[in-house]
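Chain lettering (A, B, C and D) follows the sequence in which the chains are written, and residue indices restart at 1 in each chain.
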């Protein structure tokens, strides 16, 4: 789950971090008032979960409250990467002397938190990684010890030569680590971490992704979810406990198991079709999940056919069959359904489906080809 | 630094622990009011830093508010192990089904926190250790991982067979560990941890010692110090940065270094004398410390002679000499002073002392013998 | 021969009285796995009823289970909130091989659990994995026993049902398996492709190896390089997720293309560059294996 | 020979620009210690001026100091609030021998610092110790060089000035030392009596050993048993604190009799039971050593 910039900054502030001030607003008038409070010269930033915010015109500097309001009027309601801007963050413009990058994520290889810092901040860190990889310094954190003070200081000295700035940066880095761990994040970054002409170090932009698996035990963090930042289908899938990713094709896929679901999409493509989605109903065999899956798939108007690919292990094929029958009975499905079922309780499933007028194949290849054919 | 029972319990409560209710009071009238609030049947407990509180009559059960007030009148002002009772803790009497012991301290050998628990609680754990050592279960906590849930549960199952009680005890044990670490304690114990007839587990008595070296960074904990619980000399020594322990003899000792200070006391005893104190002025050679040391030593009316034993390494003998001259000049010292000085700046020290009319030896044995002789 | 486990492996099941734990314990016992004990805190002292009336003693802690029944491997079916703790408990109790089936464990929990397992010299398979099966000998986890047969193929996979799909074809084509290992779909897993390859390399009965990978991370690339440098037996590969878009988690927490790294194309290329034939469809895996064994 | 350190030991001083650090660095350099670098965060790039105009480069971090100057030992003179971190930094930077002079480090900090040092295979002397001196070769810490002379005696002590008192008599009596080690007065120390005994046992030049203990803990008892089982050279002991009351901390954080354990009587008995002659007065140590060497 991604946090908005303003939420991430609030998280950092509560860890004691020096973060530039800012308030969110959702009308140009409110933005004008905030800009007045900040002395007139402000930056107005769209609060959407998208990396390309700046390039899309979602970040604007204003020299006066009127200009700030005008920018807000332009930005609010704007579409960025398919997401509508509902709120803007208003912050005073800082007197920036230098910009650095600080990020921490969980590293697969080291199986531990990994810091990445660069004295080249304020720009896309992937770009730095591609063009000037030596400018990025990495440090692994041993989860048994956490980030040790000397490590934070070493990272800080990669960013600032001036010891007074380095000391402040070391504090920010420690606070970032604390916020990362205490919010159950999988990624947290500050870009840029600036030094001001006055010799202060502070966080100007913030990004945090929370590990979805942490949310059950962090109601405060879970409460930061912005329902307007996800599509209806995404929200429905999440609530139903399904893994769902919308794609651009027309073959709706419903599979048990993530690996098999990907392989099914790939096979659709292999046989000349385009998958409309990734959808994993998981290991459990609750018919309700199947019903929800069908609802989600059919809510996409592009879908021309629904393809079931079930390999029964823990998943019981009869449960899936019942779900298909129930969903099709409840809501009129106006696209064809092709089904592949094999494994646990396969025969019973076949009987249930036959009673409802469905046939089911046993070969993944055959059924996928059939689905692609039906999708046209 | 030892906490009072009521302070330790407050610490535990703020870690979320189930602790029996209680309020402190310093007058019988206030105790009566509290007893009324608790329904009449209460226990009145002296709040002093002493293990023998119960045996000394400092813990009394009362069947009514009047009886509670009467007990409070008897206990308040009582002397226990030389300490005057200034406050009592009033708590409702619990319906105890079983009593267990839970303690955690820092283990020298394992260099880590060590839990000790016993299903035999409510009594002196040293007694259990002596008479029935198998009844005590120990568990070392790896400081890299902290107390892991399965460890807390294992400890809890040593205390209670009933899984519902064990689950509660595991929570208490985890909370005790958190309180221990977060307060910078060197020892924390619950004795007894009870189960009630109603199936609840809660802490009834609590003891916590804070590592003095933690206090600088824990102002909240440091603020719990009860100035009335230490003697004037102890407080003065602490403020002056001296290590001081009052003893029963008449040879006042002032030494640099803890090992040498103990060896000096031992040598006093060896030559037939009795040391009046342990006093280590430490490695630094601040004349002010010497002045404070002399004031502390001479505030003990038993002292018949002051013995200085200084082996100058970091400590500069001339600084000590200056301190002696200053202290004796400032306050009239009416007991003899014998001095042994050797090491750094020894000659200069000798000159300073000679100018003020003091002689100084170089042999520890000779000077100690002289001091013992003068002490009579 | 088999890798990691065999008919002598003594298994303790953590979460044996739970819904999943009890079901799969009975399945494992029916297959022949030596389930010697179970653990459910608060249910110590009871017996778990296996198939055919066999009774398995249940303990409150893994330490007791290990002490009383000599378990040397554990299978974990506890909910995600407690699963990392369960791994740590097993590692601390001296279990040397731990299969963690649980999906959805917080990744920061796993950094600590893996660290403790390393400290204790203990191998973790998973989490979020279907487990390991050695046909005819033992199964630890949830891989259905009926779909495997003994034979010369070693199989390693990040996925569950996709593995079944692959094994299904192998078995149907008469290509039995020495061991099938599901290493799990999480970003932090205890046993990697390379770890398994190194074990299969020591097994004289394994004459061909199947690696079923997916998008995300670099484990397949490392495995390919390792295989090329160290293995004498042929390897057949498959990569799921050719059509997955970047930046989206495809079900498995570990199946995500970050920026432009961890793509199926990258992994396929690494396989091919290191002499590993890559199947285009799951059904093709079996025919490539047959070819490799025939050649 | 000497133990742990010698004339080739390359020393980085942590806290070199502080009051204590700068003073003792100059003392060490004057004695001949190879101080190759210093560390003070925020003062990297400067030079520290040693005696005779010698310059020592100062770095911001120990990692840089080790990388640039090849330091293999560290001496720590930083305030207690930062000292455990300083140990961890040194251990992490690959320093193999760390002397921590600082007194008053929170004991929970030290549980972590010692754990990291163990993980990194690095030896810590102290904390709250005077350091180590090998007469004529090197000194790390604060033991004054003028009071020692080379010779056949190895000395181990929990105390500072009491050590000086003992060494003073030895030196005056012509009994020089191979190495004098102050292991420190804290409850959690990195190097024990037994550790030092084991090193002295490997040193052919050490012909007699002095152990100066004090109340608190069981380190002397363990050392006595170890010495009796493993040493061929004579050992002379001294225990400070015969008159100390139970339950009171005698200056050193580690010098406390808990209940009835850790008393001087108990330790003296352990020494004597294991054939270690115990001096009744500090001055007697030297004569017992002379006797032991003569016999």
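The definition used in the following text is that a residue touches a chain if its C-beta (ideal position, glycine included) is under 8 Å from a C-beta of that chain, and two chains touch if they have at least 3 such contacts.
As the structure is a computational prediction, the values presented were derived from the model and not from experiment.
Centroids of chain A and chain B (each the mean of its C-alpha atoms) stand 54 Å apart. The distance from the centre of chain A to the centre of chain C, each centre being the mean of the chain's C-alpha atoms, comes to 28 Å. Annotation for chain D: residues touching 2 or more other chains are 112, 115.
Counting partner chains per residue, chain A has residues 144-145 touching two or more of them. If each chain is drawn as a node and touching chains are joined, the picture fits none of the line, ring, star or complete shapes. A list of each chain pair in contact follows: A-B, A-C, A-D, B-C, B-D. Against chain B, in their complex, chain A makes its touches with residues 144-145. Here chain A touches chain D in the complex through residues 144-145, 148-151, 153-154, 157, 163-164, 166-167, going by the rule given at the top. Looking at the complex, you find that chain D touches chain B at residues 20, 80-81, 103-108, 110-112, 114-115, 130, 142-144, 147, 157-165, 168, 185, 187-188, 212, 214-215, 217-219, 238, 240-245, 248-255, 259, 264, 280-283.
Listed in rising order, the residues of chain D touching chain A in the complex are 41-44, 60-63, 82, 85-86, 88-89, 92, 112, 115-116.
Chain B contributes residues 106, 108-109, 111-113, 126, 142-144, 181, 184, 186, 211, 213-214, 216-217, 243, 245, 247, 255-263, 265-270, 275, 278, 280, 283, 311, 313-315, 342-344, 363-365 to its touches with chain D in the complex.
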